[in-house]
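Which chain is which? They are A, B and C, in the order written, and residues in each are numbered from 1.
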Amino acid sequence: MNYISKNSIIGDNFFHGENLIIEDNVKIGKNVSLGHNVVIKKDTIIGDNCIISDNVVLGKEPFKASNSAVTEKRELTPLKIDKLVTIGALTVIYRGAEISDEVFVADLASIREDVKIGIKTIIGKGVTIENKTSIGNFVKIETEAYITALSEIEDYCFIAPEVTFTNDNYLGRTEERKKYFKGPILKKGCRIGANSTLLPGIIIEEDSLIAAGSVVTKNTKKRKIYLGSPAKIFGDVPEEQLLENQNYYKK
Amino acid sequence: MNYISKNSIIGDNFFHGENLIIEDNVKIGKNVSLGHNVVIKKDTIIGDNCIISDNVVLGKEPFKASNSAVTEKRELTPLKIDKLVTIGALTVIYRGAEISDEVFVADLASIREDVKIGIKTIIGKGVTIENKTSIGNFVKIETEAYITALSEIEDYCFIAPEVTFTNDNYLGRTEERKKYFKGPILKKGCRIGANSTLLPGIIIEEDSLIAAGSVVTKNTKKRKIYLGSPAKIFGDVPEEQLLENQNYYKK
Amino acid sequence: MNYISKNSIIGDNFFHGENLIIEDNVKIGKNVSLGHNVVIKKDTIIGDNCIISDNVVLGKEPFKASNSAVTEKRELTPLKIDKLVTIGALTVIYRGAEISDEVFVADLASIREDVKIGIKTIIGKGVTIENKTSIGNFVKIETEAYITALSEIEDYCFIAPEVTFTNDNYLGRTEERKKYFKGPILKKGCRIGANSTLLPGIIIEEDSLIAAGSVVTKNTKKRKIYLGSPAKIFGDVPEEQLLENQNYYKK
């Protein structure tokens, strides 16, 4: 049985499955399709032509763990999902996130509050995007990658499966560490190979490439390939692989 | 409240929980048990004596991300689940997959279209099996392992937790890369240690063993142990660990 | 529509969402808040002031895979969740687990049977806690970490994202291996860096620190930093990072 709050606003040509739950003050655009058991929390805004799959939770309020270091309690803006967005099954997206046009989010992913995701970006299955993170346009973040809080990812970056970002060099010790929390910064078009690990606050420069299984402990140089643990320069990114030489790249 | 389509066919001795959703043209065998909030999409076929846990989604249609490299839009055969299969909570299995007798799938896993899984294989918690992958009989794929698209896994392989497969040496760059997409090929009885990374298209030979945390960049030799990043030969697999010497092995 | 068994006992000031399912003989304390689509299996006990989010499954019975090496079939005690516990969306916790006061479990996590989790411990998003594992007080286990069966984690340990524990040096071969199954043992206040791998049965001593991306193959010494694959001593844990010098530490 469906529960749809009377003060929600729903556009024409609305398709939905069974056991739908729409809380108060939700706004849904035209031509939106929702699966079964979808939960849409209060105030969430969904644009035209979105597809949302089964058992998804949208607009979740963060809970604060009594001893979490980064989450703070305050009023968040509603979750805003723009047009033509696709969201896979069993995914949860928090209040305070903003998802731009044509973003694709796969199954079993989690996107936290204070995250902005740019247009046409792909978020893979089981990916975690922690809070206070910005993600550009045309980014690909693949299956089970972990994007820690306070990360920055610019346009056209590629992050392979099971990559791990970190933001705390002090692993939970000392009070002063809180001043230094910082996720990695990924400059335009850089690429991170599968199952690599990025240390806190490191800068991966434009179009640089990290080979699979590396541990990156220092900032990288543009258009260089890095490999190993700790990652060292291995050579130049081949000309034909540079972002500017891709036919999908728009300046 | 349950929604069961009138043109679905359900065998005797059917047990199910609350909020069940069975779409059109589903066929369910005898002695099947379903948990709460289970979603079974149209045309899905479930054999006798299966157990399916809470909040599972079966028969999901793939969505194509506007810039996905591997997924194509076409008609898929219905999801087919054979006899005595067990499926854990919060798992999603796509239309176009085929799950053989006595397979066990744990919680929070994802199995995509065009995947065949052989008899008595175990798929662990949170495992991802991407599309166009074949998995043999008596395989174990452990928690959170990532099996990329276009992989081949033969009988009796063992894949430890958090292992990462890759299929694109070009990390999303150049058009010609699409000709070379290829996941790893795992020959009969090979074993991959925890949190290891396998590069695209490499062949892990019969009964070879990759130590935990390795990065495998080249094909391996039969019955050899490999270790490190890049993985190098460390020695021979002990006689008593060879597949042919296991009492559970059937030629 | 909600299904609440008549022989469940529910305390005052109960708040819950839609499509709630409470099976027989459940006991829920005062001031408990449940989200939508929550499934609470028979006999589960939930203490006062708990918050449980959408699509959670509590009290799941383990299924035995026909060829699982560790799971055995027997009667388990009911899932017991103490006071002030918070549980995120789409998480599953098994019958036979015991969750102490003020524990925080994030979204999409899985906690198996025969697990005890001490007070104020944090379990991150997508974390897996396998069976027969004990976890102390004030522990942090971060996103997507994998805690294998038969592990021991003492108070104040810190486990960074995507860490992998292992418990079988024989990777599924030989009968005698079953005598040697053993997860890692983490002594008080030790810390494991992101995406590291711990071999079976190793002991990480008090306050020792494993750098990100390491593979730990031997027992460590107290208050030493380890790094690399295989992990070797790199130096001493700085004085100001020792557990005894943290203001949150209570002897």
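Assume a residue touches a chain if its C-beta (ideal position, glycine included) is under 8 Å from a C-beta of that chain, and two chains touch if they have at least 3 such contacts.
Just so we're clear, the structure is a prediction, and the values are computed from it rather than from any experiment.
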item	value
Type of chain A:chain B copy interface by residue overlap (half), same or different	different
Chain A on chain C, rotation in degrees - Cα superposition, rounded to nearest 5	120
Distance from the mean Cα position of chain B to that of chain A, given in whole angstrom	25
Set of chain C residues in contact with two or more other chains	1, 19, 37, 55, 90, 108, 126, 144, 162, 195, 229
In the complex, chain B residues that touch chain C	1, 17-19, 35-37, 51, 53-55, 86, 88-90, 102, 104, 107-108, 120, 122, 125-126, 138, 140, 143-144, 158, 160-162, 191, 193-195, 209, 212-213, 228-229, 240-243, 246-248
Residue numbers on chain B that touch chain A, as the complex places them	1, 3, 19, 21, 37, 39, 55, 57, 60, 63, 65-68, 90, 92, 108, 110, 126, 128, 130, 144, 146, 148, 162, 164-166, 170-175, 195, 197, 199, 215, 229
